[in-house]
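There are structures below to look over.
What follows is a pair of complexes built around subunit A, which joins subunit B in one and subunit C in the other.
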Partner chain A sequence: MTLTPTLRRWWPAAALLLATTVCFALGGVLDNGTLDLGVTLLCYLAIAQAWNILAGFGGLVSLGSAAFVATGGYAAALLLVHTGLSWPLAVAAAPVAAMLLALLLSAALLRLRGDYFSIGTLAIAIALQALIRNWDWAGGASGVTLPVDAVPSGGNLYQIAVLVAALAMALTLYARHSAFGLRLAAIRDNEPAAAGLGVAVRRHQLAALLPAGAITGLAGAVIAFQFVVISPDSVASVSWSLNAVLMAVVGGMGTVLGPLLGVAVVYYGLTRELQSQQTLSLVIEGILLIAIVRFAPQGVWPLLCRATRRLLGPRPGSGRPAADSGKETETAPPGTEPLAVDLA
Partner chain B sequence: MRTLRPSLRLACATVCAALLVAGCAGNDTSSAGSANSTGPIVIGTSISLSGNTVLASIKDGYQLAVDKANAAGGVTVGGVKRKIKLVVLDNRSDTNTMVQQVRSLVLSDHAVALLGSCCQQNIDMQGQADALKTPLMMGALPVELLPKGKGYTWDSFQSLADGADKFYELADTTSTNKKILVVTSNDAQGKSTGQLWAGLGKKNGYTIASTKAVPTGTTDFSDVIQSGKSTGAQVLIASMAPQDCFAMWKQMKALAYKPKLAIGLQCAQTPGWSSLGTLGDGTLVQLNWTDSAGLPDTQMIVDKFAKKYPALNDLGSVALGYHEAQVLMNAISRSGDATAASVNKALAATDMTSALGPVKFTANKSTTPSFIGQWENGRIQQVWPAKGAVPLKSLAGLR
Partner chain C sequence: MSLDVLAAGILAGGLYALIGLGISLVFGVLGLMNLAHGELVIGGAYLASLLVVDAGWDPLAALPLAMAAMALIAYPLQRYLLTPLLRGSKSAPLVATFGLSLLAQALFQAAFGTHPKALPASYADTGLSVLGMRVQTVYVIAFGLTIVLCAATHLVLTRTRAGSAVRAASADPDTAAVLGIDVNRVYAMTFAGAAALAAAGGVLTGVAQSFTPNSGLPLLLTGFAVMALAGIGSVGGVLMAGVALGVLQSVSVGLFGGGWRDVVVYLAFFLVLAVRPQGLFRKAHAG
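Up next, the complex of A and B:
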């Protein structure tokens, strides 16, 4: 089956729109337990995708997602508690606050390379947690309690989470299929070469950092509404950063659907389903990570794509060129692979 | 999208609109709970069983009470005997995990009520109880520290003020210069504890030489210790997480700070204190239970758990868990229908005697008796009140 160039170009966006619409509509029919689980999964998806844009496409391996979750969560919560703003305005303020943080930190962070960037972002997350812990106006270590009746819950909160996750997915699709994404990948793969070809390195990295921060902050606001009580130990916990890395790496960093799979495997499969056996869950998580790093360093999703193409691809002797080596997925820059792995 | 025919576009738009309308319609699906049935009644807890804090003894207390009730055929609700199903989830000492687990217990497992964890996590859990409109019966949080919530959290535990009064009565029996160094964690529990104990110290004729609040996880206490030494404080009141107290006690020894009396609130109550060896000897603790106070069910708890938990404070934690679950199940049996709302109402009307003594709530709090114990050779012995107590010894570990 061949697709027209227009369909070929737009079908991922159409699929995302359809999936978003279906998920949004489910907010009216699912039970409270599933809706709550959905909110958690969608928030993790948004955070993991934001990390994926930065690290998977831009090569900026961040350990600071927690700082943006906390900034978004606290911005929304403090505005609600101290100014009495309505929740939509509080939600709108969350990405703005997170972007401001990203902008503020970019001057220092974007000068760092490789491991130094990662350590720098981790230090910021830890420092921000300590700052909040000692900030009395933000409730100090005991945190802030949101007015339960003034924040969305149940189906409404789920639908907000759907929109946030959809926005994160849309940004990832853009990074995957746009010229901007190609330039970002060029910086990731060989920064001096990209700079030599005229790519504005700092400007492109900033252009990845700002929306990634905004999406993470937006997810932080949704998490604050879900948790109702937020404290430095909850929304500013470094575990948000670690989970973002784990989910994107397990699923497949630098792909569109990898983090989605990672969230399903890590949160739903390991954390949630094995929550009555936490030790076992931790052990499996560790083994899984080691196995992935050893046997599928690109993550589970690219592995599944290769396996599928191997199963569906031409048989030996069919006379058609073999398309099942998986090499394209590993080496080709984003946007240049065949349609079969278009969402990868 | 120019390749799509207008009719196909219209169809797509209609489907999207229909789905959106369905989505915006809201839902009336609510937790079915275990009300109005004859099946088991689910109660749940997200408790720290690994990580920084291990509360296995409290969990054993919960299980003991539930097993005892189920062995008797269950709890009588509206004239029908119903079994209790206790769902215990380990939150690995992580607040995020705790919040997510509590929500899943109520929304997915349909727990009609919750049992608490410990300390700061209990405060974080209160918000979830309020948001989910599900009663939370807790201990392990001194009654003064329970924040004002929306009425779904019930705290039956000892009072800091009661413990402080007993400590100062005890301190008066030994010779000190009455100068106090107060060191607490900078979280809500630590700060409130510090203020309350310092205030009562002044009332009892003591001088607050220095007050320090440190973040949880502090490893360098040299400035705190220096402040104790420079002010000559001979009484030390510490309210911190166990690992922080461990670090501070070791550094006190290294820097030769030798107070005459030291009490470790929260930290010295944990079983890990015995791992300090002789360094921990002489440290005082506030206890919620002793085996010599004549409290109900003492012998049963000792018989069942003395081998597993030789230390008095661990047995006290078993008693605490047993007490919490007893109070909750008593309310469930009086609720008539075992729904969250009616259990919450029943908790307000609690008037019973549990393993920690009489329980009757006022403003969602019920104070249980306090005792002062002292570590000696890896064990705690009651040193105050005098009835059933052994004589106070010196703070040998730091000398």
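Up next, the complex of A and C:
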């Protein structure tokens, strides 16, 4: 089957729409345990994908996801507890607060190059955690308890999580396929050259930082609703930054579907299997991160794509014409990794 | 605000300088942001605790052994894991050291448990009068040792053949390699040296206060703050930046209370980054 240009262009969006609809509809069917698991996975996906937009496409390797999770979570929680607003307004406030934080910090952060950006974001995450600990109005070190009847739970919370994750996926698709995304990647690959060609570097980086922060903040609000009791050690923990990096890097940073795979691999392969053994889990996560950057720096998803292509594509020397499934390879320019590029 | 507070800040700053010196050395020579430096510090403290807590040694006697042990652990880590990564993608070494940091924290937990540990010594809690100011003895010792180690680092970098090789590899690794310098070995030696400095800082930190497997991260950020203030390439600058940070912290604790000691350091760090990132971070020759 050969895809027409229009179809080729729009099928990722159509697939996302379909997947979102199916996942959303499942909210009325699944049992509570599965829904809770779904919320966890979808929040991880949103945070990893936000990190991916910033680091994978924008080249800004952040270690500060936790700061935005905490800002979103605390913004929603404090509004509910102190003002008695309804939860939709609290959810809406989370990305606004996270974006304000991003905007506030961007003046300093976007002046930093390369590794300095990473250290700066790490410092912000730690500073914010320490600030919340000392902030009595926000519950200090012991945290805040959300009013249980005022927050959505079960199927409703799951459906919110589906929408948040879908938004993250949609933005990643946009970053992958739009002219904006190309300019962003140009800055990532060679900033002076991109600037020389007239790309407004700061403005593009800010345009990646703000939505990434907003999505992470939204996920933070969902996480706060799921946890009900939030504290600096839960929503502001550095482990949120770690998981974002780990999941996206393991799956494949700079690809659309890599983080999806990364969330599944890391969560099912590690976090859940080793829930009773926190230490061992941390050991394996550390080793995995090192092994991936050492031996498969592109991540698992591009590797899988290449393996699939080799299996499906024509074998050298076999003399047989390409099989039907090999068609996709032919349309791609030589020297690239067609499947990885098409799907990624 | 009494002079005691000021003195305590200056002395505590010595420890920060020691931790910042290793970070600054690794970044200046290798261009590597080592996110596992805090774990090198805490690792030194845990290694010393084997001798101090279990065998009853004095922490100062255990200090050289801890330094040597950390250097031996660090050398192959740089040679066979991190150096190959330096030639790969830009974010790979950073992510790898992040992984190392997690791995080390988990290993500390498995080997030593999560409860706080400290290195007991006769001088851990006693006071001392210096020029009429009351200070903790351990900080005086730590400050003296920091000066010695900073001076030794400076002399090794400027007066020895090995130091010349390090400075050459820092200035231009390709040319240095052409001239017959084994750059990979120089990198590994530098990293091992930084690890030894970190271990020394760890032992002294362990005497002054208790530590847990997760204590490395705040120390890492303090070290980065020192480097941000000092810029790259001057041992004396690192010492002054450490002292400045110690005084800032000590004064803010005196003004706002103990909970704010770390917040102030992180905010100062961030402000320095915001105001003069290029100027403070311009890469110069180490030494």
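Operating definition for what follows: the second predicted complex is superposed on the first by the 311 of 344 C-alpha atoms of A that agree within 3 Å, B and C clash if a C-alpha of one lies under 4 Å from a C-alpha of the other, contacts with A are read in each partner's own complex, and residues count from 1 in each chain.
One rule holds in what follows: contacts are C-beta pairs under 8 Å (C-beta built on N, C-alpha and C of every residue); 3 or more make two chains touch, one makes a residue touch a chain.
Everything numeric here is computed off the predicted structure, so don't read it as measured data.
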Overlay on subunit A: subunit C relative to subunit B, clash or fit: clash
Superposed model, subunit A: greater residue contact from subunit B or subunit C: B
Which superposed partner A:Ala55 touches (first subunit B, second subunit C, both, neither): second
Contacts of A:Val245 with subunit B and subunit C, given as first, second, both or neither: second
Contacts of A:Pro147 with subunit B and subunit C, given as first, second, both or neither: neither
Subunit B versus subunit C as contact partner of A:Asp115, first or second or both or neither: second
Which superposed partner A:Leu289 touches (first subunit B, second subunit C, both, neither): second
Contacts of A:Ala123 with subunit B and subunit C, given as first, second, both or neither: second
Partner chain in contact with A:Val29 - subunit B first, subunit C second, else both or neither: first
Touched partner set for A:Pro88, first subunit B, second subunit C, both or neither: neither
Where subunit A meets both subunit C and subunit B, residue numbers: 130, 133-134, 278-279, 282
Touching residues (chain side subunit C, partner subunit A) in the complex: 33, 35, 81, 84-85, 88-92, 94-96, 98-107, 109-110, 217-218, 221, 224-225, 259-260, 262-263, 266-267, 269-271, 273-274, 277-278, 281
Subunit A residues within the subunit C interface of the complex: 55, 59, 61, 63, 107-108, 111-116, 118-120, 122-124, 126-127, 130-131, 133-134, 238, 242, 245, 249, 278-280, 282-283, 285-290, 293-294, 297
Subunit B contact footprint on subunit A (complex, rising order): 4, 6-7, 10, 17-18, 21-22, 24-37, 40, 130, 133-134, 140-143, 145, 148, 153-156, 159, 226-229, 231, 233-234, 237, 239-240, 271-272, 275-276, 278-279, 282
Touch list for subunit B against partner subunit A, complex: 1-3, 15-16, 19-20, 22-27, 29-31, 49-50, 87-92, 94-97, 99-101, 103-104, 107-108, 110, 120, 123-124, 126-128, 130-131, 147, 150, 185-188, 190-191, 215-216
